[in-house]
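Following: one structure in structure tokens, then a few remarks.
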Amino acid sequence: MKLSIQLGNLVLENPIIIASGVFSPDSASYFPIEAIGAIITKTVTPRPREGNPPPRLLETAAGLINSIGLQNVGIERFIEEELPRYMELGVPIIVSISGETEADFPLMAERLRGKGIAGIELNLSCPNVQRGGMHFGRDAETVFRIVREVKDASSLWVMPKLTPQARDIVETALAGEEGGADAISLVNTFLAMAIDIRARSSRLGTLMGGLSGPAIKPIALRMVYEVARAVRIPVVGCGGIMNAEDALEFLIAGASAVEIGTACLINPSIPAEILDGIRKFMEEEGIDDIRELIGSLKIKPLDI
Amino acid sequence: MKGSFKAKVISKRFLSDDVFLLKLREPIIAEESLPGQFVNLRCSSIYEPLLRRPLSIYDVEEDNFLLLIRIIGKGTKLLSLVREGDELDVLGPLGNPFPYRMYKNPLLVAGGIGIAPLHFLLKKLSFPILLFGARSKSELYGLEDLTKIARVIPFTEDGSEGERGLVTTRLKEFLKGHDVIFACGPMGMLREVVTIAKDVGVPSYISLEERMACGFGACLGCAVKTKKGYKMVCKDGPVMPGEEVII
Amino acid sequence: MKLSIQLGNLVLENPIIIASGVFSPDSASYFPIEAIGAIITKTVTPRPREGNPPPRLLETAAGLINSIGLQNVGIERFIEEELPRYMELGVPIIVSISGETEADFPLMAERLRGKGIAGIELNLSCPNVQRGGMHFGRDAETVFRIVREVKDASSLWVMPKLTPQARDIVETALAGEEGGADAISLVNTFLAMAIDIRARSSRLGTLMGGLSGPAIKPIALRMVYEVARAVRIPVVGCGGIMNAEDALEFLIAGASAVEIGTACLINPSIPAEILDGIRKFMEEEGIDDIRELIGSLKIKPLDI
Amino acid sequence: MKGSFKAKVISKRFLSDDVFLLKLREPIIAEESLPGQFVNLRCSSIYEPLLRRPLSIYDVEEDNFLLLIRIIGKGTKLLSLVREGDELDVLGPLGNPFPYRMYKNPLLVAGGIGIAPLHFLLKKLSFPILLFGARSKSELYGLEDLTKIARVIPFTEDGSEGERGLVTTRLKEFLKGHDVIFACGPMGMLREVVTIAKDVGVPSYISLEERMACGFGACLGCAVKTKKGYKMVCKDGPVMPGEEVII
């Protein structure tokens, strides 16, 4: 049975990728490393960030709002202290990066050259300090520019991660492709709120946070379908994937691989369970190569 | 790989309307747990509630471990409905224990349901002394059993048992001769404990709570402010030096 | 205790509005009519529509995807047969309308003049036949034009209902305000998908449907907050409101009233339960006039 | 206002591994229900599952009504876990009954769990005849009791009870002398029933299923195609004339 997939020139043993923000080298012992196709690091920024004030988490109906605030040690310490520990795991490591300005992205990409990483994911769901805090991923043009500059600055494999707050998710994906992206991943969390009605204030330490988990799956799946249909580069689907069936839906919708976020927090052995489930499904359906599944959705005439 | 366990429900016993003791069978957790550590438990197999629930280890008995649980929302409500023989998905033991081996003569201070980790701790100590406070007698969970294993000085706000007043009112007095405080309880109490410990110049270790997702240090969700920046309650705690935490 | 609220010159006895698509005069006996501030009709279109092929419903994690396809008898039969039955209820009736082209909207508004209705809600989450099926509500300019033309065509109270698929929900709301809207409502459902992994086809009769219910609440609440902060006209919040606490969150975020959709399907007596819950909350909090709650969210300095 | 009811669980009895009879107490539903109607039931107080679940009325006994439920997903699974004394939130009775008063000599055809509404119908008829088919004997739910109140001709695909074969194989024969068919069962069976009824020129009424949200005609979600356009299973059905439905 062939589970290996290709994302441009990045070949993964299987399509299960750990999404950014739910894994750390310290917690590696909780994860079934051998069942993981690739790991995306927690997003790294140019300078260290202490993160947002608590509470940083809030459970909602079938969802989780987080407001971690990109807490991280900054790219320099990351490269020195954390990256080597990621690299020891023996799994392709994709480093998630984010900047405060557009110029930060290529600079960071340069710093990551020659480190043996599998590639870079661009986290575009963060505020652009130069543009009044608007998220980089809102505008297709900005995404185009960032991707192109990153590709120019390094020969690394690059995958922009789209935000569902994009003005137009398909346009944004196309812009990424045009900028030279090797693959596109989506979605990041949905901007969300929850209010303490007695205190009349946010139930998080910040006003807003990002919604993830099963609640968003049907929307994420639709966006992945739309983007996969529009671009020619591979798409990595993400958003609310909790089990093998969810993962298969994303593959059938057109994703070449999937990222698992929230589900890893609830059950870190889920990557192995999902992979097993996919194997079992392929067996039952007589499918030998997982690539047969990718984009296999049948469209009824009425839908076009 | 430190996966989660399927722990079997051995027994469930209510200590009050909304607090119950759950005995679960899982030899590895029972073997490895230290006082102050916790487990992270799934309350249902569906997505509501989505997250696990952190609960301190109350006791260990052979292959079993016990949890003292107060029903406050839907997760704990679901847990209160489990039946003997049911299996629960448990991750643990997690977090850092009280550093009880480093000190000779600790004073323990518990508020209400905060007794959970301290009960387990008591059993590891030779001549333990516990100040145990609550609003009223019915919230001094397991008081009778506690008196069998420790010198317990109860406090209640309504005077229905022991001294009337907060557990911290005479803390300074009681501290004499002790070289450390181990405390767990509501935030207000912990704040007071830390202040008094600092005044007297005795170290304190407090067990903290924060909303958690993973419980094993991956999500950076359970942050608490400390003098050294944000620390994670699940990984750097839940037991932390009182002097470091900014609460 | 004052529960009455104002949406421009439309005064409602209380802020609980039945959202479009979850009520019909035939089913009125299931609803606590006396506890309802206003009822929005199922969306009416210029011509009759038979609706989408089944299955039209799919349950997701804390959500419901629907693909009803605007089944309705068309405006003429609606005015003759259905509207009188709505009017008999003795509750302000807001007629939801939608067209296939921009020009349909003012024409329909004209037909609704002098019928005693409280106003019109513009359902903009439907495909614009002239623009390749793109939803009217995607573009701020289109919304501006439609609202203005409707206002020009009739003196009726008009409230555009924003879609979360808008390129920019705040811009779109501002365009509606500029066009002369009396109030803004949001959100309609989120475009979503679900796939039958064995059949490799949509689990609905159509490819996509609209997601509603508790799953979307945190996102809807955020959008309502953003819009309420930006416009000066009243905002009506909608999306996943299941109980009084949810409704209060929307009011505190800045909504002057709330629409209840999915919750009515699960429990048609929910409007009364929500109203009771709001009353109880106000009592406990010593609030005498519900308008004190509207937009009462406290923002921490860090959030601005 | 036709609100929902809190119906108390009187008893629960398993007829097979995955099928059980639930007896609920609610005098008004018991009083008003007619054969073919259904109730719409909440399976939990949380949002998963979000929607109610439609279930046919299997029987009425004084102030109680009964449901025959097959566990197929999480909603019915939750229902299978209810205990005596629990309360369930029920909306109903909903939908249109079999028009049994309009005919003299109906033939009833049930497939598997489709027996639910027909069981209730049988009890209203004088000399009822029922063709009851299933994959095997264990899926002829309540067969023994049925034989006490009707002439039952069982069919099983594996021949483990009654005739081997589908319930529709000899339908034409059995139809002789009957002026209507009332049927409930899987889609394939219903299709066959309708075709045969048409052939013979006898009217048929079939009880349909479609995913539902409201159950009372408000959402237009439970559409089924008919010769007169889309009809709603919950309000225009679930019992519909076989000639009209396009299935």
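In order of appearance the chains are A, B, C and D, and numbering begins at 1 in each one.
The working rule: contacts are C-beta pairs under 8 Å (C-beta built on N, C-alpha and C of every residue); 3 or more make two chains touch, one makes a residue touch a chain.
Remember, it's a predicted structure, so these values are computed and weren't measured experimentally.
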item: Chains in simultaneous contact with chain B and chain D; value: A, C
item: Distance from the mean Cα position of chain C to that of chain B, given in whole angstrom; value: 47
item: Chain centre separation (chain A, chain B; CA means) in Å; value: 36
item: Where chain A and chain C are represented by their mean Cα positions, the distance between them in whole Å; value: 33
item: Chain D: positions in contact with at least two other chains; value: 47-48
item: Where chain A touches two or more other chains, by residue; value: 53, 61-63, 213-214
item: Topology of the chain contact graph, where touching chains are joined (line, ring, star, complete, other); value: complete
item: Chain B residues within the chain D interface of the complex; value: 46-48, 74
item: Residue ranges of chain B in contact with chain A within the complex; value: 1-4, 42, 47-52, 89, 91, 210-214, 216-225, 229-230, 235
item: Complex contact set, residues of chain C against chain D; value: 21-24, 26-27, 29-33, 42, 50-59, 61-64, 66, 68, 71, 213-214, 242, 262, 264-269
item: Complex contact set, residues of chain C against chain B; value: 61-62
item: For the chain A and chain C complex, residues of the former touching the latter; value: 53, 60-63, 65, 167-168, 190-195, 197-202, 206-208, 211, 213-219, 221-222, 225, 240, 245, 248-249, 252-253, 281, 285, 296-300, 302-303
